[in-house]
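Both complexes shown next keep chain A, but they swap its partner, so chain B is in the first and chain C is in the second.
Take a look at the complex of A and B:
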């Protein structure tokens, strides 16, 4: 039996960022959002572990109220309990880690914490480590393959210079990469059934957390202006190819990069 | 008070100490270097004259390969002993984990992927790319401790001479329950490394089969550069051991040629620092053209061979 806590973030869809053309500010309200790509794989992996070894999957999202949407999606995929801790403002990973760990302590014991290797929008890749640190349990990060047996987990971490295989007793925090699995697409009947499930809401103060303040604040976010020259050479007609390549080579010489 | 510098690549200590000096000017204290693992311990001579007052070398057996929990213990010990307030590291996946672990232990503000750093009247202000590299966030540290992960190339390596006192340390790791059972290093491609190359030739899903990567390799060799791919070619097809982009390697060459790459933000975030970008794509609407200085609309199976042919002639004189 494995009881897993999965963290999912209500993330911006970075492919569809809505940008104010004048100020370059990101229009957060108008940008569509979804469950993070790696978070979804963490959830999928937790469900697979439950299917194999029995147990329970508890999902937690710390985010705005509309994040209900991805918690219903989590139910449809097979989560057993979903929790939302509503926060309206943006917070740093230190804050989120504090809330997350408090939740772990109050709803535990858990055998496993599963998170995405990095969130789709902020991509910090540090939340799992911060939670492990606060809970004083080991972390196996950026896992592309894992195996659970007798209260022990063996997992392969894809890191900068190669593949590391780690073994740890549970409880442990595991963060996953995109390669670990292909998440299931819920069937219509599961989606309909999920709609009837209850999303539990807890407030930060319910958890008995005193004042926690962010140790990093974001003062400004602006979309990059793409300042590339964007000189287009058309070689879709093969008879132009020779001429186009000569032109390209000349440009590159002028730029001093050949 | 001290400033601690740790890198998982020996050649990046030079850049990090430049950042360290900024902190020393702003806050005083001394700059201490931390080296973990026996492999790196051999190379301490290479960094002893960069301007550290001390270099701490931790080289117990359990530290020879990366174990985040064991490395944390070394880091924590160093921070406690020398009253460290600021920890500076290079941005890497391993260090993201280490930085998250230590920041929560010492209750410090944490900023990763720093692409610009300044001190403004004692305020630590950093910039970092967010939203898959489509936007730039300005962040400020509150409180009196910070852990910062700095991207390579943000600071210039500036050694200052001097001789650091080298202090050898071992630690007891018997309480570490995370066990590393195997390490398989990445197959190292011959030649120039992607993140250090002056020219990079990149290929995406427009490349139909593995053998066709030869075109990239040939062009790279003519121009004295490296070749790389997008994530699907490496992670899904297994044609390469690493890829360019936000979840892979960031490159900063003088010239990047992207062939058969659509230009999704997760890829383009890793090529932003390139000086000149050339895109070759048969779809005139491909987003990569917005990201390119020179765009060639065309079939890469015609464009690349022609480019190779002409460049070869030029290079042969």
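Take a look at the complex of A and C:
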């Protein structure tokens, strides 16, 4: 029996970012959102572990109210209990780790904490380590293969410099990469079952947390501007064509293209 | 294990959701299945909803529905490559509540919430592949490996009738019976919209554009002002691009670059684009609308109307959804679900504005497939104004000027009169 807590983020679909061309700011409302790619794989892995060893999968999302949508999806995939802690603003991983750890303590005990290796949008990759340190339990990051046996896990991480294999006692925090599995697509029955389940809501104060302030404040996010040089060579007069071609060649040489 | 419902509705658009709302409200166990990952995600239309059905069935819509602007200006443009003749009706205040612009995605979400609150179960991300058919009677739906049993199945799959076609429940759609609509949404500050279109905050513009928008193909353009956006699009009959060797992509690009639209859209930027089918053939024959255990509603039934001046779909969808709900409730109370029990659907349709209007305008599709409307006549109109408004010392009297242009354009007077009469007769 393995009781797993999975954290999922209501992430921006970065491939569909909407950007204001004047200010270069990201238009958050227009940008579609989804369950983070790696988060979804963490959830899938937790469900597979439950299917093999029995137990329970509890899913937590700390995000806006609309994130209900991905918790419903989590139910359809096979989660047993889903919780939303609604927050209005964007928060740093310090804030999220604090809330997450408090939730872990209040709804525990858990054998396993599963997270995506990094979120799809802000991609800091630090949340798992922060949670582990707050809870004072071990962490194995960027796992691409996971096995659970007798209160112990074996995990493989393929990192830049080689493949690592770890063993750890539970409870343990595991963050996963995209390679670990291919998440299931919920079927009609799963979706209907999910629709009948209730998404639990908790507030930060329900967890007995007072004011937490972010340690890092994001003051500005702007998309890169791709500046074009927009040089126009006038070739409308055919008699001057040779001249224009020379100009073009010279220009390309100056730019180091030729 | 198989789930069992009183009613399974395929498609969570305006028609399916309305049917689901009224059925669930009356206590039936209703499931609405939709392949989009969330409500509204696959719904596309031009931009306007006529309010009459909402007044009737959802009088609270004025406070609740996601209305963008009430249509104050109705415009019809006849365009050539670089000019345009515009006819505008600036509506009096009494006309204001006639119709409004809205995003269908948001509108569908609103209707969906109402249906869910009434007790309907909406399942998104479900593609219905087939129907359970036993002894020629529809008994439920099949999605992937899952089956779902239902006493009544309502097919509200929209204009792209994949399910009906695959089960041979109607003749296959021909390319000249549907059109492809492509829509782009441009962000523009509301003050700029108000200034450029000459409207106040809550007032909007609905425009149809003929001629250049479709590059002479059978079809046309549309423009609707939202609060902070302008929705612009082109609808072209599906067989036209292939026949005329033009690309849909080019049509959309060229349209947007028209000098008049460039001025209206200056400093805006595109935030969204989408495409969808539009039914042009008129409604399906009665025998395909009802069968043993099922009904067909909304755009899937062909309940869409284009008169050349007015393009409608959502109000027909809502009305047909309500009629389907009434039909099922009546049949359910008598315990029947075969074709016989459900055939009151046709009777109710005949007594509704759906049939009255589709019948009255049944000749419109034929009239609108006259190519001259999209090529010669917009040119004639533009050339005519250009000529008579030119001052260069040569007198230009109306009639001789018109005849001169007609001669140049090879438009016969008789043909023009004939087309005019056709217009009068069909719309």
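In the analysis below, the second predicted complex is superposed on the first by the 226 of 258 C-alpha atoms of A that agree within 3 Å, B and C clash if a C-alpha of one lies under 4 Å from a C-alpha of the other, contacts with A are read in each partner's own complex, and residues count from 1 in each chain.
One rule holds in what follows: a residue touches a chain if its C-beta (ideal position, glycine included) is under 8 Å from a C-beta of that chain, and two chains touch if they have at least 3 such contacts.
Since we're looking at a predicted model, the values are computed, not measured.
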item: First (chain B), second (chain C), both or neither touched by A:4; value: neither
item: First (chain B), second (chain C), both or neither touched by A:69; value: second
item: Chain B versus chain C as contact partner of A:195, first or second or both or neither; value: second
item: Touched partner set for A:133, first chain B, second chain C, both or neither; value: first
item: Which of chain B and chain C A:216 touches, first, second, both or neither; value: first
item: Partner chain in contact with A:187 - chain B first, chain C second, else both or neither; value: second
item: In the superposition, chain B vs chain C on chain A residues touched; value: B
item: Sites on chain A touched by chain C in the complex; value: 18, 20-21, 27, 30, 69, 76, 185-189, 191-192, 195-196
item: In the complex with chain A, residue positions of chain C that touch it; value: 1, 3, 31, 33, 38, 121-126, 143-146, 148, 269, 271-272
item: Complex contact set, residues of chain B against chain A; value: 8, 65-69, 72, 92-94, 96-105, 107-113, 125, 129-143, 145, 177-186, 199, 223, 235, 246-247, 254-255, 264-266, 272, 275-278, 282, 284, 289-299, 302-303, 306-307, 310-311, 314
item: Chain A - residues contacting chain B, complex; value: 12, 14-15, 17, 26, 92-94, 97, 117-118, 120-134, 138-142, 154, 159-169, 172, 177-179, 213-224, 226, 228-236, 238, 241-242, 244-246, 248-249, 251-252, 255-258
